[in-house]
Structures are given as C-alpha cells and as structure tokens.
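Letters A, B, C and D mark the chains in the order given here, with residues in each chain numbered from 1 onward.
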C-alpha cells in the first residue's frame, strides 16, 4: 500500500498532469498567435475537442502501408508517456527517476522520431519521404545540441539523473545565473522550437509542401492514429517547456509529497509553463519561417551555443 | 577444480579439431567425391551441410569454453611444444581472450546456421568445398588469434586470418571490383602485419622471449620511447584491421565483395580482432605507465572514424557498403571507450579508466550482435533480390516480413535507441566520459566535451541513416522487378537472424549479465587494475561509480510495452474499436502513385549532404537529353559523386611517388652489357677504396 | 741458387710485368681487332716468360708445365681461334667507342695508381718480400681493372673476349709471381676452363653474327626493363 | 667409406654425363638423368647422416672434403636437381610434341643437365679452393648452352651476357683465391695444401689479415656475381627469363646456393682470420642492397619469369643479410631460408612454365583467369606466391621471422626494419600481378588443359613440404642445420 502511494500514485498523477495539460498549452499558444494576427482564434480548449473528435473518427489507411504504419502511433504515444514519467514537473525526486536519466529521455524522443520517419516512407507518398528526410536531417543536429545543453546542467550536478540535477540546482540558486547556464538555456530554447516543429524551423499549422516537415510525415494519418500522434506532439511541447523551466530555473518545486508543497509546486510549474508558452507564441508570431536550407545554420547556432556552454563551464570551472 | 580444467581442455580440443575437420573433410570430399558421385548438386549440398554443421558445433563448444572461463574467472593455459626455433608456445584463455572468443563463437554459431540456408544460393554456381574450407579456416584462425599466448603463434593465425579472408573476398572473382577489393585489402593488412612484426620483435628484443607472459611481466619494462614506438605500431597495425580512419579504405570495398555470411563475420567479428590486439597491447603489455598523448591520439582517431564513418554511410545506397561504413563508425565508438580509458589511466583515475574500457568492450559485444544481424539481413535481401542497390528495392516488408522485422530490430539497436543493446553501451560510454568532467586537467576538459558532442552527433546521424536504410529498402512500393520478385528466406536464415535479434534485446534489457562478467575482466588487466564500480541495482539497474545517475533498461522496456498497451486501451475506451478504410495513398490528384514518385535514398540524404557539404565535396552533374523538345524530356540522368578525401590527398599521392620512383630505378637495367660490367667495375673500385 | 741471381730474376720479373702492363695500355689505345689479338698474344707470351723466370729463380718445376701451357694455349691457341673467328665473319676494325682513347688512357693511369696504393696498403711493410710482391701485385690488379675497363668501353664482342683474357692474364701474373704458381692440377684445370670458355664464346659470336648480322653488342639490347 | 661416398656423389653425375653423351634415345636419356639425379640425392642424404656422426670427412689426398655445411647444401641442390629432372621429362615431351625441340636439342639438354649437376657437386665437395673455382667456372660453361637452348634472339643475347658477366666475376674470384693462397703460403707447412680449406681453417689465425681482406673483396664480388647479388645481378633476369623453365628452376634453387656456399666458406675463413665486423658489414650491406634493388622491378614487371628472377635476387639478399647478422639464430634462419627458398623457387618456376605452356606467353598482361584454364597450376601459383612472399603458414615466414628477430636481438634495428619494409613492398607487387593472372576471365579464351599428372603431383609435394616447414621443423632437419651451423660459427 505504502509503495503504491510513494511510487505508482505520484507517477500516474504526473502522467495525467502532462496528458491533460498538453492540449491546453497548445490551445493557449494558438490563441496568443491568433491575437497577434488580430484574429479571434479558436478557444483555448479547441485541441481537446479535436482530439475527442479524432479519437472517434474512422481511420483511412493507405493500401501501401505496412504494420509499421499501424503500430507507430501507439509506440510514439507510449514513448512520450514514458518520458512524461521521467521528466520532473512538480515534485522532485520523481518516483521513477532511477529508471531513466536525461540521455534516456533524449533517446526515447529519438525512438519516437525514428518510427514517425519510417511512417513517412511507409506509405510511398513523396510528401512522407520529404518530411522524413528533413526531420531526420534536422534532428541529427538538434539532438546533440540538446544533449550538450543539458549536460551543462548535468555536470553541475555531477549526474545525468534529472531529479538530482533539479534538486542540486534548486539547492544552489546562485548557479542558475552563471553564464554557461544561460548559454545552455538559450541553446535548449532553440532546440525546443525546432523539436516541437515551431516557426522559424517548421510551421505546425500549414500543409504547404515547401515548408512542412513534421506535418509531411504524418500526412497519411487520420482518425485515431492522428489523434495519438498529435497528442504526443503536444505532450512533447509541454515536456520541453518543463525541461526548459525546471532544468534551469527549478524555483518553487516541491521537495516532498506534502500537499502544501505539491500545491506550490503545481502552481509554480503551471506559471512557468504558461510564461514559456507565451514566449514561444511571441517568437513564432514575430519571426518568419526560415528557408529549409537556412535552418541548419540556426541549428548550428544552437549546437555551438551548447558546446560553448559546456566548454565555458570547464574553463571557468563554474 | 581439476576436472573443470579437464573438460575445458576437452571443449578447446573439440573446437579446434572441429574447425580443422570442418575445413579439411569437405575439401577432401570435394576432391575425392567428384570421381564417385555423379550429381554435383547432391555432393555439394552434403559438403555444405557437413561443413557448416561442424562449424556450428565447434562454435557452440567455443561458447561453452568462453563462458566457463568468464564465469569461473580462472584462465586456461595450455603449453604446446612445437619444433620451431621460437621456444615453448602456449594457448591461453584468460578473461580477455575468453570474452573475445565468446563474441566470435556467438556470431559464428548464428552465421553457420544461417549459411546452411544461404549457401544453397551457391549450389551449382560455385565451388562449395572451397567456400566451406575457407569459412572454417577463417573461424579457426580467428579463434587462434585470441587464444594464442605467443608472438609467433599470434602472427601465424593473424596472417592466416588475412589470407583466408582474402580468398573469401575473391570468392566471386569474375567481378573486377571484388579483385580490386581483395588486393587492396590484402596489401593494407599486410602492411599492418609488418608493423605488428616490428612491435613484437621490439618486445622480444628486450625480454628475449616471445611469450606474452614475458611481455607482461613488469620486470621487462622498456624505455618510454620504445614503449611509444610499440604503441604506434600497435595502433596502426591493429588499426588497419579494425578499419579506423584513415586506414579504412579497404573496408567499404572488401565487405560488400565477400559473400554476405562472410561479411557478417568480417564486420561483426574480424574487425574486433584489431580491437582485441589494441586492448591486449595497451593494457596488458604496455600498462600501467601510460603517457597522456596516447589517450588523446586514440580519442582523435575514434571521433574521426565515428563521425566520418556515419557521414559516408549516409551517402551510400549500396546496402552492404552502407553497413560497412557503419562498422567504421562503431569501431570509432568502441575506441572512444578505449581512448577514454587510456586517458583516465594516464591521469591515474583507474576506476574511471576501467569504466570506460568496460563500456568499450560492451559495445564490442553489441556491435558484433547487431552488425552481424544487419549483414545477415542484407544477405537475405541480396539472396532474394540479387541486388545491393537500395534504389532498386522497396516494399520488401510485405514480401519478406520476418527479415524485415529482424532488420528493423537491428536498425533500432545500432541507432542506440532504448531499450536495445546499442543504447546501453553508448549510455555507459557517455557516463564514463561525463564522469571524466571532474578531472581538473585542461586537455581533458577540452577533449571530453568535444568527444561527447561528436558521439551524440554520431548517434543522431546513425538513426537518420537507418531510417533511410530500412525505409527505402523495406517500406513503400517496390522500385524494380528485383524487389517485385522477392521472396522470404529459408528457415535457417530466419532463425539465425531471429537468434541474433533476441540477443540484441537480451543484452539491451539485461545489462547486468554482461557487466558482471566484464567488470572482473577489466579489473584483471594490469593497465587498469581497478573495478569499474558499476553498482547493479534491482531491475537490471546500472549505477556507474557514484550513486548519481542510473538507468534500468528492463524497467524501461517493461514500461514501454505497458505504455503501448495503454493508448490501445484508451482509444478503445473513447472510440470503440478502430474502424479502418483502406485506400490508395493520395497522389496529389493523379489517379495512382507509382514507385518512381517515391523518395529515393539519394534524395533522402540530400539535406545532410548540404549541411556537411564541405566534408563530402560532392560533385554532381545533370544530363538532360533534348532530342525531341525542350519541354518534353525523355530522360534526365542525375549523377552524384562524393570524393574520399583520404584517397585523393593521402593514398593516391603516395602511390604515385612510389611507382614514379620505381620507374626511375628500373632504368638501371639498361640492356647494355657494358653498363652491367661497369656496375661490377664500380663496385670493385668502391670496395677497394673501402678496404684501404 | 744464390741471392744475386735471385735478385736479377726478380728484376726481370718486374720488367716483364711492366711490359705486360704496357701491352694492356696498347690494347686500350688501339682500334684494330687484329692488333688487339696480336697484342694479347704478345702479352701472353711475356706471361709465359715470367713463368719460365719463376722456374729459374725458385725452382718450382711444375710451373714449367704452366709456362708451356700459357704459351701454347694463350699465346697460340686462343689467338688462332679468335683470328679465325674474325676472318670468318670478316670484321676487322673497332670503330665505335664509348669513351675516346685519350680519356681511356688517363683513366687507366688512374687505375694503376689505385692498384698500387691498394697493393701497398694491404701488405704489412715488415714482410721480407713486401716491395717485390707489392710491385707485381699492383701490376696484376691494374691489369684486371684495365681488362674490365676494356670490356665496359669497347663494343665489339671480340673485344670483350680480349678484355676478359687480359683480366685473366693479370690474375695469372699474380698467381705466378707472388705465389709461384698453384698446384699443378689446379693450373691445368684453370687452363682447360679458359680454353672452353673462349671456344663457347666463339660459338656465340658466330650465332650472334648469324642472328643479328653484326657482332656489335649494341644489337644485344632487347632484354631490358 | 668416405671414398665410396665421394665416389658416388661425384661419379654418379659424371657417369650420367658420359652415358648421355653416348646414347640418344629419349627414353634412355630420361632414365639415365632421373636415375642419376635420384641416386645422387640419396647419396647426398647418406652424406648428411654420416656427417652428423663424424664432424667432417675427406679423401686420403685431401682433395675432397665434406662437413655439415657442404652436406646440407649438397642435399638441397641434388634434391632440387631430382625434382627438375623429373619435371623435365614431361616438359621436354610436350616441347617435342609441339615441335619446339628436336632430337639434338633433347640430347644436349640432358647431357648438359647432368654436367651441370656434376659441376655443382664438384664445387660443394672440393676441399681445394682452386678446384672449387674450376667447378664454379664449369657451372657457368655447362649452363651456357642451356640458357641459349631455344636459339631465339633473346636467348642468345641472354646467354652472351650470362657467360661474359659470370666469367668476369669468376676471374675476380680467382684473384681472390690466389691472394688467399698467398696469405697462406708461409703459414701452412706443406705448400701443396695451402689451398686446402681444411688446412686453411687450422691456421686461419696466422693468415695475413690485410691480404685476406683484399682477397675477400674480390671473392665477394666474384661469387656475388654468380649468386646474383646486386649490383652484379644484372645477368639474372635475362638468363632466368630466357632459359627453359626447369633450368631456371635449377639455377635459382641450385646454382645460387652453390655460389652462396662458396661465399660462406670464405666468409667463415675471413671472420676467423680477420675478426671484427669487416665481412659481416659487407654482407649486410650487399644483402640490403639486393633486396632494395629487387623492389622496383617487382613492383613494375611485365614478364613473370623475370619477376621470379628478381625475387631470387631478393632472397639471395635475404640469406646474405642473415649471414651478415652473424648470430647463431641468424645463421639458423639463413640456412633454413636457403632450403625454403630453394623449394619455393623450384615450385614457382615450374608452375610458371605450366602457365606459360597453357597461354603460350610469359607476358603477364596476356595471362588472366588462369584458375579457369589450369585450375591446379593456378592454385599452386597463387599459394606459392604467398609462400615466397613470406606469409604463414609456409616455411619462408618461419625463416624470415627468425632472421628479423635475430636482427633486432643483435641490435641491427634499422637494417631489420628496412628488411621488413622491402618485404612488404615486394609482397604488394607479387600479389598484384598474381591475382591478375589467376583470377578473372581468360580473354581471349584459352583452351583448358593442365600439365601432366606427374608434374602436378611433383608440385603438390613441393607445396606440402613448404607447408610442413611452416608449421614444424623435423628434428632430423633441425640437427642437420645445427650441424651446418657449427661449421658457420667456425
């Protein structure tokens, strides 16, 4: 009973939190962008309706597609849920923090991406291949960039275990402000924009073949499959925002399971995520989508920033 | 304990004689049988079955032997007394040898079983007896390499290995490419061997003995300079075999040329002989006093090999060449572990060194399994479609589901994705390097982050490459009649691939098994002589060194499976069971999409080629034939070439220098008898002056 | 045999050795094949005389046979064979040189100096016979070098044989004058060998002349890298 | 006892020669030659065994003398002579069938083959250095017409160069011998024996070092020319290239070793008399130069018999180099290599002749896909080439590895490294051409058909021998070499 309380319950709570929060954040971002464009925009709850609708709709499958096509949505969703169990949001240490560390998280994202890219090639449509090719190329730079960015935080804590990193950082707030840290943060921010398929790297809400990346891969998806893929990409956004906020500014995170602490932590987390979401929306609205072959330069910037952060950390010894 | 050694000896003898018999018996039958048996096919198939079954049996014996040593932890040492002028010789299976023996035997077992089916493709076409002979000789020589505890013996088996593979590469010698590959390979590896001879004889000249025991004992330490010379000889000599950049040029030629079961062995196992040699020399003979620059050098080599290896792989659309380049990449990753170990050892941080080495060795095992698996898969594809060019493939997942599935597992493993084995060993490598962050030494502080960054880059690129490899080959629509007419492989081939796939999973989710074996091995090496201090928590949890970071692949796997069921259930909950409608893929308004509308492998890697254009130095030409009208182009050919920097700026100049100077010298044979007499005359005069 | 006669014999030996060397120089300086052969005959004749002197001076009787053989084989038989060959293929003049005569003579002079210095340097001075030996030794080394030099600079097959024989005369000179001849059987065997060698080479000259319509060995250049 | 042995060893080939001079029928000539060679080989083995008990044995008047070294070399030489004789029968039959050879040539061939063997035996068994010289010159004369056998332009040219160059060399050697005699005159009691090896060794310490040095220089150049040390090797590719393949084989496996034997004799003497590193330095230098000179000609070559000739230059270099290292281990390696090289060279020259007969050309460009035309010979060729380039599991790897380790142990690191480098380069050249000849498709298509079974069996035996020497050295052979080694150590 006790370990149900200490392990399973908090884990499930966190999972549910992310699951529930994800569409909302997207809704908020959408709304903000609409405002920037002087539009009314859909309500912030729109994504929930979409998901509910999609879950009930019938699925159209290409006759070319193989079992990879049918399994991938579940696999992607699963891996994202798994990540949701590993990334600290409200409370540290997480019950499952020993199961996987930051490298695991990144690799799990890679796993999802791997299969989505395969789906792009599975249906035999030119769009899919285009999307897969672009996605993997971009990933091949942002993935290392992300790792380096997080390693900077990791070495301060002397561990790649997320909970430990966060705990260490929150115990020494001074180190949040050191330059290496800030570099890493900006690196990770660019990574987030790219990973979650946002302007200036990708445009989530267009199907224009010249620009789209992520949408191109999942173009053949519909109904329930699409629902899960979309949902998991929304969760991905939340997770990244969580990483951004808690890896670098773990303010007000709950250090124990006491209700009060949890409330504070929850509030803090919500606030931080909202703020970051707003920032994302602002960036999206104030920037133009880059030409595809200018994107690598941007990503290289992220990579270099993170690398600098890491090396800087050593030179000045933090 | 005595009986233990007894039956281990039995296992050893069984294995060795088995390979020998497996080589000779079929050869004899092949020679004698021609007279007796009328039908060549029946004869050859008996030869095939006999040879590969024996190979299978003896490789299983090898597994048993290696396990018995690894688990009991006490080495096997067999003195032999050949009548050769090099003193007493010995075979030994200490932990290190046993580990590599295990790797060899494991893959050999799978491949032998695979070959039972695969080699049927050669019936009636090729000399089966020769194939079987060479195959067993190859395995025998490799086991000999790891088991020999004497320089002469080692070199003997080493060269035997090179020779047998040379003949195997030339097995289909009508193909000029195969001949070129074979020649390139044998010359490169011979140059390597020459350096190894220098190395061993240097060790000999100090100790006065050829036995590894003498090289090892601390009394016979050589001066630092000689140590470094030996180190360089070993690095180059073994590096050629391991295929490190820039000594790799033979590898992408040779592996595709050989029959696929052989390529699996070459790539999965033979490259590791180079690694074995390095570990043996660095940490067994030369340890423990190690200068810092050794580690740095190895790290540079490692990084170069891994990044360039994967980058070159990305542009390949010959499936086996692509895999060959990935071998280079993975050797690089292994060397990151070894280089890190050298670096940490030189700075006196033995536990960390041991951890790094452990990671490297773990990756040796993993690469052997998944690369073996992938090459076997490629073999099945080749067997079914008779082409290695993935631009002509596609849609095979329908035609050959099992092969596709196992190939996919291999692809996931090599892309270091959880929860399979590639992920675990790369994770350990990351951990070892990251823990090195706390060493306060400037070179380390520059070297480690760069290595980490590039390791991360390698992993990501590998994933991209295997999306291409698997996606283009197995998914979508068939791009040619080859792919149309494909069929699933025979049972033995599938079973072999399946077993390797299972290993990929097991070594992934149950790392504690491997680590608990590897840790005593590593700590037994004099160069390291410390435990990697990897705590093994519950649920197969790995906790290297401190209590800080950890993973539990088993739990990950379990959760992943559980979490996959969750959305299924959830979907069912919300929307009942899935209602499906199957239609053709949307073809942008055209009635139906054709295979030519799909993305090609070349197209797939285009963005990456652009990002790293200054490494590829790609040159492409577009040829448009306009005989009818500029608006209706009957055919447009697009040709793309990426040049190998090393070939152009290292090897070709060297070649030209050598051949040029040779041409110069050849002029001395003028054909004038007077010139010849003049040579004698001058020699005489010179000697007379010398004598005065 | 008293010491004065011994000295006179020694003196005579030196004189004839010098004469032999002179003939060698004459060979170098001349351009007619017939003249080569005559000079060689003369040279061998002097060699025979040296042999006789050795017999007189040191009473090595078996050298007598060697002397007779020398004159019979080298001064008569071989020149006869060679001139027959010349007549048969009627080529009489050496026209083509690699090096002109003056230079060759200078070079040969240089060789004599070298030979002399070598001969002096190897002998330890406190030997009784050191000066005498070193004189003859230097002559014979010089002969060998000159013979070899002739072979390298002259282009007719015949001339090469002559050069070879000149070398051998040099060897013989040393054999006679510093070791007073070798055991008899050895001597005979050596003579036999040389005779056979010359015969074989003669045959080859015929064949060369038949196949290449010339005995200039410039035509023998098909085998080269 | 000793007299019988010498009588056999010298008498058998001599009688063979005489008989060949008498008879003319092919069958008789064949039987005489094969029987002669075979019996000579057997008696050589007998000599070896006897010499193992008694250190050395010699005839009453001390004209003939044999010890471990001469016995060993004699065995090697007569053995290769036997192989060549056996092969020659089949070879010449084919030549006659194809009208390449008429009856007179056939007769001359067998006559001179016997004479050749006889002269080599004379060199190996003579105690008197003068006789040794006579023998060596006689080998040249005996082989002169064999080199010119086919009476083509090339063969006559080759023969001319061969005879002239070797005679020059041998003349220089004679001078060296005379100087040795001179240095011994006042030391050896009976001046008649002053040319006798046995008596020279007794008084070696007393010989005049200065004179002996000079003598050694002339002998080195002289016999070096016959052995084919660079830069006196120039006749070798021509002679080996133009002579009939069996003769080339016997020259590479027999004559070379005979010349090396004579070199060794003087080497031992000079080492004992002069001491120091005078002779050994010269040997190391000449050895390395020979190997170095071989490299470019093997890297770029068009004619596979010339290729083998240059390889012979290289291997003579290796043996001389090993002798120059002057340590027991190195001597062992040298003697072992002498045997290995003899076997491998015989194998390769004979195989090459099979290839040549199938393709009717010895230009490598014209020979491709041999494995399909003459499978067995092609296999032998490929494997034999790996053997000659010193790859395991063949004998030459053992001997070369011994030599290298001796070099390092003796402190001659730089020469040893050069040695390894040259070997690697030569390997590259050899494999390049061989793989081109053996693999691929024959074009234009060539009629399939290999040599006769006996010849192939013979080659198989040679290959087996090489293989055996690569994995273990029979104790009897080891003793035999040790026995020869004691002589070398002086």
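The rule is short, and it goes like this: a residue touches a chain if its C-beta (ideal position, glycine included) is under 8 Å from a C-beta of that chain, and two chains touch if they have at least 3 such contacts.
Please read these numbers as outputs of a predicted model, since none were measured by experiment.
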Give the chains in contact with both chain B and chain D, ordered by label. C
Nearest whole angstrom, what separates the Cα centre of chain C from the Cα centre of chain D? 31
Would you kindly tell me how far, in whole Å, the mean C-alpha position of chain C lies from that of chain A? 101
Taking each chain's centre as its mean C-alpha position, how far apart are chain B and chain C in Å? 70
Interchain centroid distance [CA atoms averaged], chain A/chain D, Å: 79
What positions in chain D touch 2 or more of the other chains? 160-161, 164, 168, 172, 213-214, 237, 297, 300
Which chain C residues touch at least two other chains? 118, 121-122, 141, 148, 151, 160, 217, 220-223, 225
Report the complete set of touching chain pairs. A-B, B-C, B-D, C-D
Show which residues of chain B lie in contact with chain D when the two form their complex. 82-86, 152, 155-156, 159-160, 163, 170, 173-174, 176, 179, 182-183, 186-187, 190-191, 194, 197-198, 201-202, 204-205, 208, 210, 658-659, 661-666, 668-669, 673, 675-677, 679-680, 682-684, 687-688, 690-691
Residues of chain B touching chain C in the complex: 666-667, 669-675, 677-678, 680-681, 684-685, 688-689, 691-692
State the interface residues of chain C toward chain D in the complex, per the touch definition above. 118, 121-124, 127, 133, 140-141, 144, 148, 151, 157, 160, 164, 167-168, 170-171, 174-175, 178-179, 182-183, 185-186, 189-190, 192-193, 196-197, 200-201, 204, 207-208, 211-212, 217, 220-223, 225
With touch defined as at the start, can you tell me which chain D residues reach chain B in the complex? 160-161, 164-165, 168-169, 172, 213-214, 217-218, 220-221, 225, 231-232, 234-235, 237, 282, 293, 295-297, 299-300, 329, 332-333, 336, 371, 386, 391-393, 397-398, 401-402, 404-405, 408-409, 413, 416-417, 420-421, 423-425, 427-428, 431-432, 435-436, 439-441, 471-475, 478
Can you list the residues on chain A that touch chain B in the complex? 52, 55-68, 73-75, 77-79, 81-82, 85, 96, 98-101, 103-104, 107-108, 110-111, 113-114, 117-118, 120-126, 128-130, 132-134, 136-141, 143-144, 147-148, 151, 154-155, 157-161, 164, 219-220, 223-224, 227-228, 292-293, 296, 303, 307, 310-311, 314-315
